[in-house]
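Before anything else, here's the structure in question.
By letter and in written order, the chains are A, B, C and D; residue numbering begins at 1 in each of them.
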């Protein structure tokens, strides 16, 4: 059912730049309303703890996520982005996550191609029942981004809030 | 001339010499060359997989690796146990290629497993690759008159996910083969029942009860003899028969043939080369049935009252 | 200039213990657009809501941010508060500082507070881009379509029609009645199935609000809730129902005999037939597969004997179109084919039959006049072995689920056998006895005492023939031994499986179905009657295996849901849907391709103001759009926006962190 | 490769038969050896038309504003151009019945220095996939050769992350946001580009590395699965940016992960983002 991703690029694991000691990454989480947002709510109601770096944005479906949301996030405020939707086959809107999956892969590969570590944008399928999984996913993304250090290229230099 | 890889297994050199010999005779007459794996080792049957899982894969793995070096596309194995071990290993390895790395070092490493050879039982090879038509064409002495109960035992067709051959519960391949030879296969409900062979030594009472039931059902089906494709089945059903008869007080008198013995017989090969003398239960009574054909009771034709279209109906 | 009000909730201690709420308020006040910020113990309480209502009026706020629990919890509550204060309810944004901050960062109050402040800032930024939205009204066609004329479809149709709403009932076979019409008696009361069903069937035929279309199938369903258009194929029956009196001369004289589906193929029917004597409508049809006049052009007897001249061999399939507001799907079930049970000799031994075959035999109007017989020799069986869970709860050979009804009908069968055959004895091999239902356990207990049936807990491993008997070998797990039973007849309780046409029908209707083929309900507990597609409802075994009481209850529930849709002349709909900016639309129609609901069509608009030249642009059908936003993400010219989740709203959130 | 005479004949014939209102081809610039697009409305000017291996531009760019709505157009297309045309047809931008397409069995065009263009060396669809007539008779088409990985892409992909970033940082820094790439691209036909929309918060700031990064990334994602590799954009770019790298990379990712055909090869194929398969790669998702 699941094919492997082709075109591996050379990626290095070392931090891109050295972070100041009190630096905490900002991670934007874009979650679909029906599965992942509900799952993240369940993480809350179950009181499962995870790192506080993630800022969650609610969208109706992962297919609503235009790739330039990710580009915009990296360009402006975020050190990393997590997009999460319903598991394949579970999409509340029948097929939205299948379209999204293709766009995510190409976006991730393109960002990696122009010099962003592949862990800067990550994706997950989290169902409304997977509260513990959501916490794990956030912990992993946070750890990955912390390893990579702050993303300051292309960022904020000419941006007016 | 076709060429296939041949794994005789240990019993072919001992208790089931007649199986091995007749396989070779039959294959030769069917224009198939058997190429024995050089330096093959024990398949590990019955003991290895109860004790050590890696070992139970490692032993057949070595044989598979050696077999692949011969460059044939198919390997045929007469012994059901050997076949089972080989096929189980192959299916596991094909599904999980990393396994070969893990277990490759357990015994002498002969090379890398590639998964390119098909593993078949001799029965499966005869049925699928040679085919009933080729068998039928080769028959010179029809076995008509003989009624045979085909006994498959537990390993040849089960589990289905491994063997991928015939029905696991009511297989018919051997039945079709003996019918191609001219004999009649009886309706035999016990064709895949357990004969208790694993307890042959340790708990003989179980074997006597289970094997006795098989013999009883075969007799009830009207068979003159049993046909098998497995050395262990043969020795159990044949060797234990007098003992069972003593216990139950019944007289079965059912010789137990390898299907290749009957093929050789039907192909017109001399009887004395088929090693019938190795059998415990005398075969003469069953062989004497050849040619004695019962007249089929004539069917009374029903007067045609209405046009019936039953073919497509559900 | 936007004027935003921020209301931060303590949620008792839930938020306040782990987030410094006053600090969040202070932080919010520093945002330029925030003109009012306050905290309160319970924002969702009436005094809390009153604060929002007051502040809206006092501070002339243009949008509201409530920082509290998940919007999935109280968004509606706060929207109502905005409405009450005369503000458009969609100018509300909820910052989820409980589930997303206080509850998940309980060990680090500083970080949780900083995160809460960020979440508030994001909500404020989003709310600035919020637009006034208004609920959408969609006109409704008050006519229901019921697919399937079994007990589920009959009940749903009658209940809807009784509310004086027209119903179109489409049945695939020549008569309504379904599987229930094949049953003899029904558990747990042993009512005669025909006696309770046939009056309902007659009601359907005579109801002024029901249009019964038998021998027909639904071909297409276009549109959306309240406004569906159904295309129905009425198969050629070759009999003119208008003139036919149902006298039966045709089928009595027909020379072609084929297996009778109603009696599970135990006896024969003719090529022209009514499925059973109490059929509704009680008019025969010609089975075109078998009629020699239709296949070979020879015969024509039925036409000769028909006094009314109702036989028309040239009749064609007819397409009927109806405008529909809501659909009830009641396609029922099929029985699992037990062929994989080769160790039982299924297919080889004639005396192994399925439960429905047994049911037909013991039925008073059945092929053997109510007496069970052995198919092999016609003898009446004495020892009958019933084996349950054939295919059910069997991952290896069949399906994983429990078919729910087999325990009960097998119990019923032991009673029927006991009644019909003197000196008979039942053996029942079972895994569990699942008798959950009103009067069910009592029924089973009483049956066990009355019939004296032998219940053996365990699976059957083998059936073989001995003489003319079948030897059934299985395990009696309670004594831990293998047992063998000598049986005259073996009855297999085969699993309930969905109607084989379900996947095709589901695709045609646009509803989802599970891996078995059962159509999926919108929510397994709270919306068991609806599908994810608005206006399509499920009754009976279309959704999952059910017994008659459950089926009827669900059918009536469907009727209530349908009547709910039809309660007004229009329907209200959430306004969070996509809209197309025609000026920017380039007409590439990618959105049309990706829309999962077919909600996007094209329209021609003038090239420019007053221009006669036309160009093609996309148009969203607001009745159909569900607001997923797939179209927005594929629109390169950004001509489509999704209300509530517009690009400016989301970008504001991203850049405000 | 010189089809000048054939094209002049065909254009004259089409004008004589009254089949077209305008013929789009190439003419000499008049001041050097290079060519520019020519829109011929007067049958007497047909003699201006030329076609050699310097006929580089993708003329389907001239169809963008749907001129076929009220004009009948004759047009010269090479293999890559025809794929762009196919996409324009699929995306309902032109009317097929108002087009008369003259196909060129392309042998590759050359750059300013007279060297064969790299995309032509690696081209696997030199013959047009849609046409009304071919200048050299219908090509005896054999199966398309297998997809080739672009050598430039391989070079970039072999760099490590920091090098890649430095490389592209320079690319984005050099962009002057003139939008020539967009104007020259036949697939960028939007009534109003997202860049120009006032309501769009897509671009903050003006001519900066950051905004160029955003603009070029978004642009290449809008073209993912749709770029036909005609390189109009590169030819138009005053900063000589290697824009094809982004498009070719996307093309390769899409080809290898979704087994999709190249853009515009089949009519009705909208590209990889407008369909999906259950078997799409899933293991990059947690």
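Just so we're on the same page, a contact is a pair of C-beta atoms (placed from the backbone, for glycine too) under 8 Å apart; a residue touches a chain by one contact, two chains touch by 3 or more.
Here the structure is a predicted model, which means the values were calculated and not measured.
**Student:** Of all the chains shown, whose C-alpha centre falls nearest the centre of every protein C-alpha atom combined?
**Tutor:** Of the chains present, the most centrally placed is C.
**Student:** Could you tell me between which two chains the number of C-beta pairs in contact is largest?
**Tutor:** After tallying contacts for each pair, the winner is A-D.
**Student:** Please tell me the distance, in whole Å, between the geometric centres of subunit A and subunit D computed from their C-alpha atoms.
**Tutor:** 33
**Student:** Please tell me the distance, in whole Å, between the geometric centres of subunit A and subunit B computed from their C-alpha atoms.
**Tutor:** Distance between chain centres, rounded to whole Å: 58 Å.
**Student:** At what distance in angstrom does the C-alpha mean of subunit C lie from that of subunit A?
**Tutor:** 36
**Student:** From the C-alpha centre of subunit B to that of subunit D, how far is it in Å?
**Tutor:** 66
**Student:** In subunit A, what residues contact two or more other chains?
**Tutor:** Counting only residues that touch two or more other chains, subunit A contributes 67, 72, 76, 95, 99, 103, 159.
**Student:** At which residue positions does subunit D touch at least two other chains?
**Tutor:** 202, 204, 273-274
**Student:** Listing for subunit B: what residues touch at least two other chains?
**Tutor:** Within subunit B, no residue contacts more than one other chain.
**Student:** Tell me, which pairs of chains are in touch?
**Tutor:** Those chain pairs which touch are A-C, A-D, B-C, C-D.
**Student:** Which residues, counting only subunit A, touch subunit D once they are in their complex?
**Tutor:** Per the touch definition, subunit A meets subunit D at residues 1-7, 9-12, 16, 67-68, 71-72, 75-76, 88, 95, 98-99, 101-117, 122-125, 137, 140, 153-160.
**Student:** Residues of subunit D touching subunit C in their complex?
**Tutor:** Those in contact with subunit C are residues 66, 69-70, 91-93, 189-194, 197, 199-202, 204, 222, 270, 273-275.
**Student:** For the complex, give me every residue of subunit D touching subunit A.
**Tutor:** For this pair, the touching residues of subunit D are 156-162, 164-169, 172, 202, 204-206, 208-211, 213-214, 217-218, 220-221, 224, 245-246, 249-250, 252-254, 256-258, 272-274, 276-286.
**Student:** Where on subunit C does subunit A make contact in their complex?
**Tutor:** Listed in rising order, the residues of subunit C that touch subunit A are 70-72, 96, 98-101, 103-108, 111-112, 114-115, 118-119, 122, 512, 532, 576, 594, 596-597, 626-630, 632-634, 642, 645, 647, 650-651, 653-657.
**Student:** How about subunit C: which of its residues touch subunit B in the complex?
**Tutor:** Result: residues 255-259, 261, 265, 271, 289-290, 292, 341-343, 345, 348, 462-466 of subunit C touch subunit B.
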